[in-house]
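Per-chain residue numbering starts at 1, and chain names A, B, C, D and E are given in the order in which the chains are listed.
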Amino acid sequence: MSAEVYKKKKSLYARAKSSKKAQAAGTIIFPAILGAVIFILWQSQGLHKILNTDLFILPLPTKIISLIGSNFADIMVNVKTTLIEVIGGLVFGCLLGYLVAIAAASKPNIGKGGLAVLGAFASVPVVALAPVMNNWTKDVSSEAEVRSMVAKIIVIALITGANMCLNSYRGLINLPPYAEDLMATYAAKKKWVLLKLRIPNSLPYVFVALKIAVPSAIMTAIVSEYFAEYISGVGREIRENIVLAQYTTAWAYIMIACVIGVGAYILLMVLSKAVLKNYPKQG
Amino acid sequence: GSSKEETTQTGSSAEQSSAAELSSEDIIKAAAENGSVGNWGLGNEYEVLALLSKYDLGSDYLSQDFTMDGFDDDSITLASAMTYNELGLVKNDYDGGYGYGDSVEYIDMNDEGVAMLEDNIFCTEDFAKENPNTVAAFLYASLKGWEYAVENPEEAAEICYTYGSSVSAEHQAYMAEEVAKLVTTDTQGETVTDIGNMDEDAMQQTLDIAKEYISLDDSDADAALQSLTLDDIRDSSYLEAAKSSDGTFDVEKSEVSIQLKWLPDAQFMGYYVALDKGYYKEVGLDVEIVAGGGDIAETTAVNNGTVDFGVTWVSNLASANAGGMNLVEVAQIFQRSGLVLVYKPENFE
Amino acid sequence: MRKFKGLLEKKWFSTIFWIILLAAGWEIAAVYVGYVKRTPENILPHLYQIVAAAISKDPVSADMTATGLVLSAAAATILRAVVGYVIGMIVGFILAVLMKMSGIIEKMFFPYLMLILLIPVLGMAPIVLAVTGDIDKSRIIIAAILSFYPVATNTLAGLKSVPKEQLDLMFIYAAKPIEVYKKVLLPTAVPYIFSGLKIAAPMAITASILVDTLQGDGGLGCILSQSLKHAMSIYVFWLIVFFSAFIGIGSTYLLGGIEQFMLPENRNKRKIKRKVMKDERRSLQEKEELICQSKI
Amino acid sequence: MVTGKNTAIEIKDLNVTFQDNSGNDVRALKEINLDIEEGEFVALLGPSGCGKTTLLRTVANLQEPTDGKVRVLGKTPKEVRLEKKFGFVFQAPVLLDWRTVSKNIELPMEIMSYEKEERKRRTKEMLELVGLGEFAQHFPRQLSGGMQQRVNIARAFGLRPEILLMDEPFSALDEFTKEKLHIDLLRIWEQTNKTILFVTHNIQEAVFLSTKVCVLSPHPGRLSAVVDIDLPKRRELEMRETPHFNELVTKVRNSFEGGSY
Amino acid sequence: MVTGKNTAIEIKDLNVTFQDNSGNDVRALKEINLDIEEGEFVALLGPSGCGKTTLLRTVANLQEPTDGKVRVLGKTPKEVRLEKKFGFVFQAPVLLDWRTVSKNIELPMEIMSYEKEERKRRTKEMLELVGLGEFAQHFPRQLSGGMQQRVNIARAFGLRPEILLMDEPFSALDEFTKEKLHIDLLRIWEQTNKTILFVTHNIQEAVFLSTKVCVLSPHPGRLSAVVDIDLPKRRELEMRETPHFNELVTKVRNSFEGGSY
């Protein structure tokens, strides 16, 4: 009767026995299976029936892919812009969020409010934040390309920062029982407690945060591109083409956004496997 | 507050001294070389592209966000503006406006010969074929609304208010005045009396510019666009039926809706007047006006049947049809381009 | 000095501290912008100007004051955000439980959940509209789509954070899955779930504002884009910026409060308190009865 | 084994191997053969790291054998577990920190759907038994280490399981408390006649409580000796002073490999 | 106290009170008075929950006294802690999951900025001492309970602290390992002449190791007896067989309140 929940346990043992490679393969194979199913549904127009939509709004994948093929160079220019924004925003945002979390964890009295305030920034909708940032960064550079990149990166950084902050904060304070006492008996300076205890303890939490931060950075990039001064980017193209009712082209860019997302996800998984290899397996 | 007025004054004195001597060509060239021509893109840019190409300039322009802040801080020296909207905000000093008064000048697309026609009324061809009387009735009442509105813009502006306009009262009044001009003047500056007329030359010019400057990544769609003719995008029979009617229609569908291209304001005052004055009721229609302005394009909404009629620009309609939709324009409300490129003369001394 | 220290201990103090710090930074920047920009209110108005706009009685559109306009538009938007948020929360939670139950489901679906978040609102909107046939439903669904993912991710992490020993304990007793969830997994996951909810809350509001403009009939999103366009007082725009920020702070605190209330340990503590109070009342009654009796 | 009784636990050629981080095998248990009759009280003795916990976990279906066969009450450990016949006292107390002491003791009873009245009654009884009556409403972190261990014991006792597996249950307790619990455990065992398998490091304790002492040797963990304890079923504290008791203790001690114990 | 030696730990009228969940006071320690000289090896004995851990934590500045005075080496516990003079073996091993065994032992040395060479050398030495040489690269979750406890001990020994506080360090260990560690601990103590305060439940262990046994009584925790152990400083395992040793054990046992131990 209680088989289900423990079936997993058994398979866990089984998996532990099987090689690590097989496990890694599963991470790719299972999504690939579902991907194939979706692809077939989509191509055979079954998806259109399910979603009650037509070929116009949801063109066939083959058509989308051939469009990507014939406009590859153009598309890459936009992909580059978006990637720079996403990576820049993620790096700054996650660092910012993590630093605020560290401040909050080491000086809870002062720092905790910082969490709420950073959260408040994340609550200002991108539609409002993006134009404000455009204005605030006008003097950054005389090059429109540069200053609008900076504006977009700031927006992404604020949005992802808030989420990194919330999750890593928990990782920085939910320490193993008595670990803080242990450090106290060594009269470890705050720096050491941070380096040897809090930061390592927070790493699994950081990856949870990244799992959310990566897609939301891409999403924010796409939306903030609508408002950017310099015309470039995947999001901008999606919008232009939807306004022009060019859904095939729009979907081509959406697909590209998804590929970026999946690439980032795989990267994240690989990274987390490497960084968390010494940590007890979760679940 | 005070600094604004000062700049305004210096601006206007500068204008008197030198800018008048510069031709629009000089200004466009100077701005383009500077990389500081602005437009919103998203299908608004073709006239600007045509203009740039007319003077053999590159096709780069800066993206304007919703605001005119870029123009204000001189990061965009030659900014796109609609006469009935942004231009008013730049000039006027009511709440929200930038208060430049007459110190700014502008280049008019109509004068440059690159005008494209904007707001029209359209529906799907299938809908029109199945409901010819409904279409004619709708046109009849809408045009009646527009006629009233262009004659009484102040009242029309107030009517827009009652239907949830989201602009300030002063700006609404300004808009109504300017929209009336667009409805009653053609690209050559001549007065138009038959509102809704689909002027062959102006439409052909619009389509030609669209064909040249709309760039579609989808090669099938691009080929379709190049082969479009006026007959593929408009059908004047409904307008004729409406004009020749006595005002009584045997409508096939009495509950219809129209999706606007943007948020409710005086740009669409004709429909609000028709609704408010009961013109739609008179022809046996129960009309719902659906505000636009968003991410579900009006062409998409009409095409998938969420709404029956829509207001869009001719170029949008052409690209939608090129992409595989089957839409027809049934009336052309704006008879000339509302787009201008506004600049501060002192930037071009 | 000691008074100050006592103040430092207060929970709300640090928020006030940060807000004051931020406000000071804002004002300094505003003074600077006031000198160098022609229309500073478009870029960075003084805080007092924003406050003045908030309390001003002058109508900005029709006969509405700025605050009135923002609040009336906010009502629709926030309602949609809340409904979408709740739906997203439930869906995210269920997905997390499913993924926890089966590693295969997790591996299979997790990357796609992320993709759903990625398929931008714009590409999705016409499809969602086609499926629901109703613009308001579409808005709610899109708000839900944007908020389910953080909840799902965090809940899953929470369910996975249960110490192995505790699962062994339940395993030995051959507890049914539902009991394992009720008694161990969920109580452990509560703080994680709330982190997810705290992250999702602003996303839901952002989403709701974004989808207001799918078709522009009212809502904060429309007012926002109009005021941004200067079709009405620019202060309406700033009011919306601040309003949404306050909603964000408010939601963090509200969820924090609910979290404290929901924490299994605190619930047990309340039970103990109630019991103690009941016992005290009873013993008091008994005493009174005794006194009464003795008086008689 | 030809006795009138049924075999409670039957272990045949049991091997359990773990993998260390370099992928090498760590043999925790090697070729274990052991039969335990129903109603027996078996003590497992052996140096730290020799595989006692692993053996207990294997019997309870918490650990899959790498090799060999384990049968409990004639069935697989899994079947027995699903019949909820195991009680397990973990080496380190596993308490849910958000539940009070009494709620922690009630936990398995909730799972086994005992009546509320019954739960309360038994919990109270068990709390008295382990001397924690006053601490019913405390949370685990408000208890001392030994008190936590007592909660752990109380939780397992509360159920009267068919097979009670205990991993060093008394090592964190003082001698006085330990003695009291010894007697209580023996009474429970006598009355209910359940099978008990328990791990200890204390030879006296092993001899005093059990009917059979199994000695494990480390690296790899093997069963190096089984000593039958022929003390009368009803044990008294005074027995520990008898020469026979001391003989048995010496016998067990000498049965350690190398005899160095 | 008039001796040539300095007082290492001085406890005066110490009270520690906790709050339970209904807001009532739990008196963990009441009016404790105790002086420990430098170089003494003091054992704390007492039933479960009597406040031994609390006393240790108070000395180490991990717990604030509710009342009374604690001085260590003439200074406040906090000062001494900040001078990094304490070593503490926690009752439950506190190991960081993500660090290997050797990295866990190195942790305090990293914090105290030992040279890398020195760290490696000492860690290796300590691992051999506790018999875990082969397990240096294992993670705590791959160790048995007793092995974890040994890592815990190795980590504290590695530092050679001025004041070593140990909370039931050996209770999870088998007798053989325990004896070996007893001897090692005594050698370290002899050589370095540090002050050691340690908690145990085992009277033999207390007498064998310490120079002074302090007996605590529960509810509330009070110091009920102090027994000086006048065995020679250099202890040998054989001493446990002498009549004098047994006398001391009996004396300690009898010093328990009510003598029921």
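Structural remarks
Please note the rule applied: contacts are C-beta pairs under 8 Å (C-beta built on N, C-alpha and C of every residue); 3 or more make two chains touch, one makes a residue touch a chain.
Chain identities (UniProt): A, C = NitT/TauT family transport system permease protein; D, E = NitT/TauT family transport system ATP-binding protein.
These figures come from a predicted structure and were not determined experimentally.
The chains in contact with subunit A and with subunit D alike are C, E.
In this assembly, the chain whose C-alpha centre lies farthest from subunit D is B. The distance from the centre of subunit B to the centre of subunit D, each centre being the mean of the chain's C-alpha atoms, comes to 85 Å. The geometric centre of subunit A is 39 Å away from that of subunit B, both derived from CA atoms. Computed centre separation for the pair subunit D/subunit E is 28 angstrom, with centres defined by C-alpha atoms. Annotation for subunit D: residues touching 2 or more other chains are 82, 92, 100, 137, 139. With touch defined as above, residues shared between interfaces to two or more other chains in subunit B number as follows: 65-67, 69, 73, 295, 300, 304.
Across the assembly, subunit C contributes 42-43, 121-122, 126, 130, 171, 174-176, 225, 228, 272 as residues in contact with two or more other chains.
Within the complex formed with subunit D, the subunit E residues making contact are 18, 20-22, 26, 45-49, 52-53, 91-92, 100, 137-139, 142-147, 150, 167-168, 171-178, 201-203, 256, 260-261. Listing the residues of subunit C that touch subunit D in their complex gives 163, 165-166, 168-176, 179, 183-184, 187, 263-265, 268, 272, 275. Across the complex, subunit A meets subunit E through its residues 176-179, 181-188, 192, 196-197, 200-201, 203, 278-280. Within the complex formed with subunit E, the subunit C residues making contact are 269, 272-273, 276.
On subunit A, the positions that touch subunit C within their shared complex are 1-2, 4-6, 8-9, 11-12, 26-27, 30-31, 33-35, 38, 51-54, 57-58, 108-117, 119-129, 131-132, 135-136, 138, 162-163, 166-167, 170, 174, 204-205, 208, 211-212, 214-216, 218-219, 222-223, 235, 238-239, 242, 247, 250-251, 254, 257-258, 261-262, 265, 280, 282-283.
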